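In what comes next, subunit A is part of two complexes: it sits with subunit B in the first one and with subunit C in the second one.
Right after this comes the complex of A and B.
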């Protein structure tokens, strides 16, 4: 008997148009739970918009989005994050600049530590204990991404690369199931890229977290991902083994044509 | 040895300085003139709505100009209860916090759909509406004439008790209310909810992406800010014993803005300092009535050039210098 692999995220005919501009033109995609899936495509091919549709920042013009078996189409972003543990990073905004590195992580962990709305207004013993636990966990994660020495530094005063590391660490705080990363390696030096790559591999292996990674650095992505999906003008052009996909003449042409 | 977090040490220091300030203020009537005390009473009247503005603007990042609208609603609520039912102060005061907070909910439903300048516009519009209601609902508010001979605060559980009437007594009542309000604000902003509010101020989309229910916390900030303003209205109305639609005048809103922005928005000490300094300043300048507002304006302008983040800025710098670097550096535990 063949057991169907569980899907972490399914897109069914997802389409997103901004007036006359069609950013995502009907995408069908199943992300298998536990895989690292690379998503590439020329600038403006709709990668970020696709993420926005999956995480509730944008509502698709048509089509449905499922997390596991749950239809999350039209859900609010916060609800998707809390209930489905589907987290994402942004291409631009990275961290809460006025807060310390540690507080950035505590914030990210609050959704697991304080699931109810009322509990977040608490100030008693219980609240303080849970916040302390979050701080301890934050310390461990900062260590893990090599930012332990920046623990009490304001995130806004950290370098761009450090902010990206911090953002990555903050997505690990709330026991994620699926993480969508939007250009995690852009503007990062090779040493830090290597560190993020190692962390992605480790989290994927140890905690079974599913990753979808949008990235223009194809070399890194080829090594890292189990599967590569190519988006061009809002549609899927190729999907499969990274090495095969990159050699695909259609893909080469799409990239050169822009 | 007990382990202290850096934040914990910092907080302990803040608690200690808070206790010191309260002690000084509590002893102040021993040396102060009645005029000085009444100036501080005015400061405290404005501090209460200022704390609310500080919460919504400084922590949740939304500029609400409706504070004095809620202040007025609190004032009318407190006055009407005392006049019609002779209720004790604690009850009037609680109602003065509750009614504006409840009123804020229906107002928030359209207002919170808006961001930035449109939200500000919407809060200005609320005050117009409230002012108009207070002028035209003559049966309740006596219209433009306003309410006069509002009873003084009666401190008692139900009937009886004692009536606050001297300046010193009003001063201590105000001090008690302000200490409670500051404690409430500190509790809110240090809670997980407060951290979400700061996150919303910093980046609302990012806050939602980590599961922050942004709408709920923006609503909470708006409602709580209204409660703080209502508290101020209650203290005010039982102090001056009159209230009329002029309470909705934008001048008072401007004063609250000066207290918060001039003092230091998004800090606990900022509005407190701003309340004392800027209100005292405007009182002292009454010696030269013709030049008063000119000088006041010039001082405000200078202050904002010197300390763009408020007059609390140099103070925190001094305090930072006084705390050994070990207690706050990046060395961790």
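Right after this comes the complex of A and C.
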């Protein structure tokens, strides 16, 4: 018996137009649960717009987006994150700058630790235990991304690369199923890039988290991804084994033209 | 005489602090000044008056009922208007809340008439404290204010909801990314803020005795002065600023002239904005 692999994220004819400009021109794509999928393409090929359509920042002009079996088209970003555990990062580092690294992570764990409103006002033993668990988990994750020494430092005082690591750790707090990373390696030094890569691999392997990664650093992505998808002018140009995709003459041409 | 003035100032200052801190938490989380804030103070007083005068309830029974009525009112307003103000510009917030202010003022006039109503309730018997006769209601106001501020400090610093409030205050985008329900936090904070104004209205009405539709106007403007003095978003700062304003008003009314009393808030506001724009006690504005 052949077991169909479960899909983490499915795009069905997703199209997004801004007036006369078509950013995404009808994309069909199935991201298999547990894979690391790289998404590349020249500037303006529609990668970020596609992410925005998947995570509720933009509503597709046409088509549907599914997380597992749930149709999430038109949902708000927070609801997608909360209910489907589908999270995304941005090119910039989105962190609570005035809070410490640890508090950033504790907050990130709120939606799973305290889903109900009443629980957020709690002060009993149960609440204290859950907060303690969040702190412990935050400690483990900070250790994992190599920020243990910054535990009590304000996020705003960290370097850009450290903030991105912190953001990455934050996204792991709410027990995500799928993470979309938008240029996680942009503007980061090679040592930190290596650290992020290791963490993505480890989280994918140990917790089965699915990753879709938009990135211009093709060398890093070729090593990291199980699969590479190339987007050009809003459509999928190539899809498959990273090494084969990168050698594809069509892809080479699109990049040179772009 | 002086001790009397200081006590008076402390009581009035507590009223200001109690109203203003509601405006402070709304400002902190929503990033908007609620220019209808005084109207919830008015609504609280009117709801209690209605409960006493029309339903025949006692003052003590009227307090929770009035707070409940204002909570329901602000649930509706929060849902329809305030939740939408999270990501909008400051001027849109001013127009929206000023609109609500007009609506509530005229709504009260429509329902209860344009004349003054006499508030018949409260505990006005004098009590001897530190060699002075003070109405029980005044002592109660100070005690309730202290209790509310203690509870608020705990809520913001210790509870998970307080953490979420701080998160929304700091970075709405980050909350969206992490799946925090920003609208729920905004709505609950708004209800919390307005019911504090209502509580203040119910507690004060026995002392002011007269209530009318436009009674909240001056309260809104004075609250604005208080939260600027208190450092825009600081809870402790709001309490001290409320007391400072109350005591200054009381002293000015006695030694300079009663007609200058309402000018104190605005004079202080101008002075603070000139010399200490981040407030009297600013250590860390906006929690």
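One rule holds for everything that comes next: the second predicted complex is superposed on the first by the 251 of 258 C-alpha atoms of A that agree within 3 Å, B and C clash if a C-alpha of one lies under 4 Å from a C-alpha of the other, contacts with A are read in each partner's own complex, and residues count from 1 in each chain.
The definition used in the following text is that a contact is a pair of C-beta atoms (placed from the backbone, for glycine too) under 8 Å apart; a residue touches a chain by one contact, two chains touch by 3 or more.
Everything numeric here is computed off the predicted structure, so don't read it as measured data.
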item: Combined model on subunit A: subunit C and subunit B, fit or clash; value: clash
item: Touching partner for A:135 - first (subunit B), second (subunit C), both, neither; value: first
item: Contacts of A:148 with subunit B and subunit C, given as first, second, both or neither; value: first
item: Subunit B versus subunit C as contact partner of A:174, first or second or both or neither; value: both
item: Intersection of subunit A interface sets (partners subunit B, subunit C); value: 76-78, 81-82, 87-88, 90, 95-99, 103, 106-108, 110-111, 113-114, 117, 119-123, 127, 131, 170, 174
item: In the complex with subunit C, residue positions of subunit A that touch it; value: 76-82, 87-90, 94-99, 103, 106-108, 110-111, 113-114, 117, 119-123, 127, 131, 170-171, 173-174
item: Interfacial residue positions of subunit B with respect to subunit A in the complex; value: 5-6, 187-188, 190-193, 195-196, 198-199, 201-203, 205-214, 216, 220, 328-330, 332
item: List of subunit A residues in touch with subunit B within their complex; value: 55, 57, 76-78, 81-82, 87-88, 90, 93, 95-99, 103, 106-108, 110-111, 113-114, 117, 119-123, 127, 131-132, 135, 139, 148-153, 170, 174
item: Partner subunit A, residues of subunit C touching it in the complex; value: 155, 158-161, 163-164, 166-167, 170-171, 173-182, 184, 188
